[in-house]
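For reference, chains read A, B and C in written order, and residue numbers begin at 1 within each chain.
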Amino acid sequence: MTSFQVPRLASSILSPPALCFDDVMFSKGNEVLLGPCSFTLEGLGPTLVMGPNGAGKSLLLRLAHGLLVPTRGQVTWSGEHCPRQAMVFQHPVLLRRSATANLTHALAVNNVPRKMRTKLAHDALERFGLTARSNTPARVLSGGEQQRLALARAWVLSPQVLFLDEPTAALDPAAIKAVEAAVREFHQRGTRIVMTTHDLHQARRLAADVLFLSGGILREHTPSETFFDKPVSREAQAYIAGELVE
Amino acid sequence: MKKTLNLVLAGIASIGLAFSACAEDHITLASTTSTENSGLFASILPKFEDSTGIEVRVVAVGTGQAFEIARRGDADSLLVHDTAGEKRFVENGFATERANVMYNDFVLIGPADDPANIGAATNAAEAFAAIAEAEAPFASRGDDSGTNRAELRLWKNAGVEPDGEWYRELGSGMGPTLNTAAAMDAYVMSDRATWVAFGNRQNLKLLFEGDKVLFNQYGSLLLSQEKHPHLKHELAKKWHDWLLSDDGQQAIADFKVDGQQLFFPNAQ
Amino acid sequence: MENNAFYVALSLLVNFDASLFGIVALSLQVSLLAVLIAAVLGFPLGAAVALWRFPGRGGMIVVLNALMGLPPVVAGLMVYLLLSRAGPLGEWGLLFTPGAMVIAQVVLVLPILAALSRQKVEDLLGEYREQFVSLGMSRSRMMPTLLWDARFALLTVLLAGFGRASAEVGAVMMVGGNIEGVTRVMTTSIVLETGKGNLPLALGLGIVLLGLVMLINAGAYLVGELTRRRVG
């Protein structure tokens, strides 16, 4: 991860880094869990990674973010440096500290000067509607608040790329709405979004393009209009038609 | 956070101070449990401290361990009760001088009903032989202490090889051995001082005393300056001399428990 | 009446016996300082073993776990031979001082703190790992975060260490010498009074020691609960 910069809108003007999967495969023992697959993600997205349970969506996200190392092939980014990235998990991993402290910790880890941390943290808490909860221990926040705090933590790091792994799977409709609004805000700031979901409606609302996986294989990568109106692969057709896809 | 750290550091510093704030002029004396447990030191040390300003720190262990501590150079002075061992210690060059300080005596303790009837014995050899004859339980220190060494000499003296179910080697100090003897109604040999001061007698009673062979001599040793130059030889010499002086001998004679004198000064 | 240990314990406290106070204070100083030093060394050690993979790591964990059962007399003997004038650190002149007792108790407590904190930190790391990697944290940066977030579990670990330190007698007896007014602590006093056959007084001292340990545990529990409620 590169050194920290104060968030600025200018990053949207610069062309965002492209993510390239080159013949990437991931296996555990003799079992191939994902791939081999190759694709390139350009532009800002948002790219929605879709597919039935066990299709390998989370794996793909973790490989892209660098949490996992591919068994074969390469994950690369265009440009000289690996872009600043953040990830929001289905179950947010929050430290056993106050909401504010969770944000200042992330800033400290990224070498943000001490003086700036509190200000940045409070701005982010305000943006995500958590000002009233700033001193509340993160672990006692509601599920929706916890996910918003995780988003705020990603926000203060002003990532160029944001990965979200089923961020709304465990939330009620109001909280889902808040998370989607946050995702749009990231998008508007020029952050490249890659997100997994199995909620077709959510994907329709957010996606610019879709990566569709089933059985660990990339079935298609198409713009959202194509994917939802006339999907190319048989598996995607069945999935959108509401059939059970393995 | 910084405040807490400062507090912690201040705490450590104050503890360190407390540890080092002890008197400068002190010597470490390796001695036996009998002298410490009976209360002799508690009675005479303040008198020595008053007249010289030297604090004596007593490490009370068995005689065998006391020799070992002195041999390693971990004590400035030595006061024990194993005349033969003390003389060897001098011969081996670990001490330069040995002097008689005082004596007390060993006594035979046993269950009040005295199953071996040692109360009727006319000398110690008879008493020990009676115990072996009756195979009455006997609790031995079994820890190579001065008392233990004396006990083994006395069995030999009685022509008995102590062995068998009835002879129990405990590997403990005098006090714990008395506690155990009280719990199992056994005979036991103790120095008189520890016995008189002992508080958990239960059914135990003094059954035999007075034979000359039960005489228990204490000696003070001046340790070798050559072997251990770092020791406080000057202060240790003051202590040694005081023990042998009229003042020291009087202090020993003045120590009484329940009106009974426990140690008898006999410096030449 | 004076043969009743509870009566003896009570009268010791009510009369505020000066020598008892000194003994209690020394017990606390020695054990608390030992636990503090052991924590400063043991917690980072435990966390490091939890965080890094290195050859011999498994063996190290086994050794740390086994050393939790190190007999105090053995620890005492080792420190005795180390600090004895004839030993390698004899120059320090620490034998038969409170400092020697602290060292012996550190030897006893350190494995407990290291082994248990290793376990706690490893559990927490399992939960936090992906988020930490996502944040781009190095292992050495993870250590303080993990230690702080495991603080409630570590408080219990600390109490286990303090319990071991304040309860043991073999090590302090050997390296301290049970010198009156200098190295006599609660446990060695109890041994001494038992030796003298003063069983009620020995038990009375035991009751005072138990009460003290309970007081400290209650205090730690209270502090832990209050902050836990605040921090979640």
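Quick note on the criterion: a contact is a pair of C-beta atoms (placed from the backbone, for glycine too) under 8 Å apart; a residue touches a chain by one contact, two chains touch by 3 or more.
Bear in mind that the values here come from a model prediction, so they are computed numbers and not experimental data.
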If a chain touches chain A and chain C alike, it appears here: none
Message: With centres defined by CA atoms only, which chain is the most remote from chain A?
response: B
Statement: Per-chain Cα centroid nearest the overall protein Cα centroid belongs to chain C
Message: Can you tell me which chain pair comes out on top for contact count?
response: B-C
Message: Taking the mean of the CA coordinates per chain, how far is chain A from chain C in Å?
response: 47
Message: With centres defined as the mean C-alpha position, give me the chain A-chain B separation in Å.
response: 78
Message: Just the number, please: Cα centre separation of chain B and chain C in whole Å.
response: 32
Field: chain C residues touching chain B - in the complex, by the definition given at the top
entry: 29, 33, 36, 84-87, 90, 93, 95-99, 177-180, 182, 192, 194-199
- line: chain C partner, complex, touching residues on chain B are 8, 12, 15, 18-19, 22, 28, 33, 37, 42, 57-61, 72-74, 173-176, 178-179, 182, 197-201, 228, 230
Statement: Note: in the complex, chain C contacts chain A through residues 127-128, 130-131, 133-137, 141, 145, 148-149, 151-152, 230-232
Query: Where on chain A is chain C touching in the complex?
result: 1, 62, 65-67, 85-87, 89, 93, 95-98, 105-106, 109-110, 136-140, 157
